Amino acid sequence: MDLRYTDQELAFRDELRGWLAHALEDVPDEPPRDDWAARREFDTSWQRRLFDAGYAGIDWPREFGGRGGTPTEQLIFLEETTRAGAPYVGVNFVGLLHAGPTLAAEASDEQRAEHLPKILRGDEVWCQGFSEPGAGSDLASLQTKAVRDGEDYVVNGSKIWTSFAQVADYCELLVRTDTPKHKGITWLICSMSLPGIEVRPLKTIQGSSEFSEVFFNDVRVPAINRVGDENDGWRVAMVTFSFERGTAFVSELLDSMQLLKRLVELCKRNGRWEDAGVRRELAHLSCDFDALWALTKRNITQAERSGIPGPGGSVFKLSYSEARHKLGDLAMRVLDEATLSGESEEHIRGWMHAMSITIAAGTSQIQRNILAERVLGLPR
Amino acid sequence: MDLRYTDQELAFRDELRGWLAHALEDVPDEPPRDDWAARREFDTSWQRRLFDAGYAGIDWPREFGGRGGTPTEQLIFLEETTRAGAPYVGVNFVGLLHAGPTLAAEASDEQRAEHLPKILRGDEVWCQGFSEPGAGSDLASLQTKAVRDGEDYVVNGSKIWTSFAQVADYCELLVRTDTPKHKGITWLICSMSLPGIEVRPLKTIQGSSEFSEVFFNDVRVPAINRVGDENDGWRVAMVTFSFERGTAFVSELLDSMQLLKRLVELCKRNGRWEDAGVRRELAHLSCDFDALWALTKRNITQAERSGIPGPGGSVFKLSYSEARHKLGDLAMRVLDEATLSGESEEHIRGWMHAMSITIAAGTSQIQRNILAERVLGLPR
Amino acid sequence: MNFDLGSDELALRDAIRELCTREFPVRRRFDRAGWKQLADAGVFSLRQSHGAGLGMTESVIVFEELGRALVAGPLVATHLAAGLFDADVVTCLDGDIATYPEADVLLQMGGEYVYAIEQFDFTPLEPLDPLTPVGRVGPGVAGSRLDVDPRQLQGLGAALTAALSSGIASRTVELAVEYAKERTQFDKPIGSFQAVKHMCADMFVRAEVARAAIDAAGVMLDEHHDDVARAVTGAKLLASEAAIANCKTCIQVFGGMGFTWEVDVHLYLKRAAVLATQFGGVDHQAELAASRI
Amino acid sequence: MNFDLGSDELALRDAIRELCTREFPVRRRFDRAGWKQLADAGVFSLRQSHGAGLGMTESVIVFEELGRALVAGPLVATHLAAGLFDADVVTCLDGDIATYPEADVLLQMGGEYVYAIEQFDFTPLEPLDPLTPVGRVGPGVAGSRLDVDPRQLQGLGAALTAALSSGIASRTVELAVEYAKERTQFDKPIGSFQAVKHMCADMFVRAEVARAAIDAAGVMLDEHHDDVARAVTGAKLLASEAAIANCKTCIQVFGGMGFTWEVDVHLYLKRAAVLATQFGGVDHQAELAASRI
């Protein structure tokens, strides 16, 4: 085991650091949270700048426009961009972290050539069409129907929790093409500009509208946009999930470390740092995040060896989301009356955000089932 | 609602306080934990003194030798005896708190006349023969068999977690008299002196031997000792449980309050009280115990109204056992290296004891099932 | 001793619950018409109608109901002010921050004396709870000094606030249980899964323990019990924690829907968070409890 | 970067695991014959065989195995003393308390200097863990001062102790899972009930996070990483907590049997409690972490 970076990795870090110092000088101000057109413009412009500088898709193959680097370099990339306060992945999240890796692993050569470079360049924004109002934890019970008609699938139904649907060009869409629960699902690339798609934003408890409900009314998706075989979509979706659980929270963890730091600073300013109990709770969270950073490195090493992230993603998500709940609750306690007047908004948002991460991308209950049954071998 | 004691109750408290001040002067030293003969002698002598002074079975009917008082007076009795440091109920526990109330509610006149006065006088010690090695949480799957043969039941099988079996005169024994799971169980009064009974003490993690395994080998229990109808024992056992959950932990709670007080004193001596975190944790536990004391009063009021304790017992047990875990963990943290050398033994024992109370008398998991299904009406 | 609701108390509780169900849907904002309905129902005058220093037992029962129904408005301050001076809508001034700053009078009781402030300006702020408006008051407001012990008012205020929190803790158990019975996944109601069952059971335990604590505090206030200050502190601490924990668990039971503005759970959460800060946050209550151990 | 056990490390782990399975059943008490076996296997000389200031990566792996197997004896102190002086059995003196006081040499490193004490008397005390004897040493013992930084030794000691705890955290997951598969109630293995499943999953999470933390600390010690002190502190904190929490949960999964002396779980619990106090308890570690935040 070693945690040392190679000379090449260290050189990469230095080069990136230098570039960031320069590049961040003329990044415009972040747009308002609910101005989605502006957010798309902001996020994809940054992605394009990364692409032009050779920093898009650090560990994606060169043939798709990636840098062809190692997962470790991708980790360094996330570390450095977070530390430097560079723009977050934003609307490029699904493309870069879910759909892209899934296409790279499962799609045809044509599909990969068509989409992967555009995702990396910030030319294509993706959204996820997996969950449905009646199919959340029990995703395999999804009912959005796709019927083959000539060269198309005709899609009817609705999806929910679709992040960035308002501004997405494509949707990774799971549809039902046959009756058997897990064996009747197909994974489609669905253009969001097709006739018959309606997007209705959902307001979250934070007051923002990251999520939408998406309705499909006789939407004709060309069959050529299928990824994998018909009725083999569940397996493809599992690949998507392994990426989601494996690495999608790395940037979040780095952000959380910063958030904790700012809470520490706030406590040092308002005197609560003198309180041994508060101080220990803050320190404990710092230890939690450090350990999760080590776990991330383990997960990445394992993913590098086996090609696809393992169950470490569920371990990470359970522990990380619990730590975030603790951080949020502690911040609310420490801020006390200051929460009333919207001061320290980032901590209030952080508190609420914690409540979404024990639900989204597989609830904590589902993650525990996965670990108990698939890793520990307990009977179903 | 009121929490005020009536003049009669206040007079009872004064009188009892006066008597205790006197009576406790010549109580002998507590015997060693594993000297069971001496413990029986110690505990039953004290019970006899209570009886002689008119303080045995405060809320038991006078016809059985009780005082005929109110449950509130029983609560006052527990409060005063605990505060005064009087001997604990000890080996009389099952008789006074499980078997006795069950006999009072369900047994024949002869059975009540035979046993209840002796339990109150400290002449009869009882133990509980419910659980079996294969029937713990799933008690109704018990296999100890009783076959009717003339005027007797012939009992074969084994019981476990039988407290005080080494020194008990009688056992409240659940046996299988028919096949259907819940509908084939019978509740027997079994003399522990019958031939064919073998007691094998079990050492607990505390190193003591409160529990035993009891083996029954062709033990002939006269059928006249049956309580309730044949195959109606499950219902009778539920009555026993309602008493167990309703009030059996009241003395424990009072003890816990004292234990907490001594931990606070210890922290004030060793400087840990200056630590705001430790101080708040101690204070929180004090609030927990106060609230549980209020809940006890609510449960007792409800039991007084309906005759039998309600689901408040499960609420109490879940919350109380969790608070005891916290108290134990906190004590271990605060004592730190002092735990190594057996100092502050009561806190170490308290820590270990906590681990038994999330298991004994229905695990926390079973209690949650009970609340979810029977009180909240969630589907089985 | 008789520590469960008697028939009068049940009737009072049911009457308030019925009023709330009829007139105060969860999303109803504070308005003066509704305020008059509450006043007419006796919500603010319970202590007066029971005679000096009494009526907290009943007030706690009533405030649990108001908390359950998430009734908006400066309930506690208006209740505290009744009998002290004449005003329809009274709110608390805490530092320079007031919730419901459109009130007629500000009650300031953080220091050695209690002041009633009738003339003030305020700037609205972004509130934590969309149904609890907040404003920054001042500068330079002055009020008339009232002849009342601030510690006594603070104790009553903490108890009433705890009762509101306790109501939230109880109501969110019901919301979670109802949803767990209706929502199906894996061809079963999610409430048949032990993970969900046990979350609901833990919610119930927290709510019942907190309710016992605050009910006892109410009674002890009326009975001038020796340990009353400790009881109030403990009730405030446990009810605050129970309300927040139950709202969070309720969101988890509701899953994705719980995280939306579409269902009401987030409003309970945000109200619970607001109440937790009022009359001393949980760390403050724990410190008070430590001083009374 | 390569942060998972490589083939050499897996071979080392398997060899120690095999040795422990063969020679060190859980209830084996400390004895000098066993001690020699461990010494022969290189348990105490790993840092020496890897060159100055190296070998903590491997030592951590080995100590996780010793923790899993609940091997008795003053493992950490004997490992620390290797290379400093010649003695078979070395234990730590903490204040006037020593575990395994039948050792040849006491290592005292609580102050500014490190001392080796060869001549001492002790009085046996009632131990918390039946397999970890404890004695009170003294009075008036004096030792020879060693030329080594006590803080460095304490860091290594904390890391090795954390590794032992991490081993306990991992092993108790396996014990709970095995039992949950075998034990049936309600005509099913109890491991098919979600409540038990989720307890086991949470144990696994705690164990894996702690293991990542201590493995990282071991590597960072060898790499003289800037954040090494924080990493050691965090690992000690998380591994202590994970070990105790997992032992407690394991007892809960075992139910009544878990509360008996008949099964081994209580020995893990008691050892975990002993280890938590050594080289600084959890509150102390949290304070250290706060100073390094």
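Which chain is which? They are A, B, C and D, in the order written, and residues in each are numbered from 1.
Basically, contacts are C-beta pairs under 8 Å (C-beta built on N, C-alpha and C of every residue); 3 or more make two chains touch, one makes a residue touch a chain.
Every value quoted in this text rests on a predicted model; they were computed, and no experiment measured them.
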**Study point:** Those chains which touch subunit D and also touch subunit B
**Key:** A, C
Exercise for review: Would you mind telling me which chain pair, A-D or C-D, is linked by more contacting C-beta pairs?
Suggested key: A-D
Practice item. Give the label of the chain whose average Cα location is farthest from that of subunit A. Key: B
Exercise for review: Could you put a whole-Å number on the gap between the CA centroids of subunit B and subunit C?
Suggested key: 37
Practice item. Calculate how many whole Å lie between the centre of subunit A and the centre of subunit B, each centre taken as the average of the chain's C-alpha atoms. Key: 53
Revision key, fill the gap. Between the Cα centroids of subunit C and subunit D the separation in whole angstrom comes to 49
Practice item. Would you mind listing the residues of subunit D that make contact with two or more other chains? Key: 193-196, 198, 283
Check your understanding: Where does subunit A touch two or more other chains at once, residue-wise?
Key -> 275-280, 365, 368
Practice item. Going by the contact rule at the top, pick out the subunit A residues touching subunit B in the complex. Key: 275-281
**Study point:** subunit C residues within the subunit A interface of the complex
**Key:** 94-95, 97, 99, 125-128, 132, 134, 136, 185-187, 190, 193, 195-196, 244, 248, 251-252, 255-256, 258-262, 266, 269-270, 273-274, 276-277, 281-284
Check your understanding: Which residues of subunit A touch subunit C in their complex?
Key -> 131, 135-138, 141, 160-161, 202-205, 207, 211, 275, 277-278, 325, 329, 332-333, 336-337, 339-342, 345, 348, 355-356, 358-360, 363-365, 368
Practice item. Quick one: which bits of subunit D touch subunit C in the complex? Just the residue numbers, please. Key: 193-195, 198
Practice item. Mind listing the subunit B positions that touch subunit C in their complex? Key: 1-6, 9, 72, 75, 261, 264, 276, 279-280, 282-284, 286-288, 290-292, 294-295, 297-298, 300-302, 305, 312, 315, 318-319, 365, 367-369, 371-373, 375-380
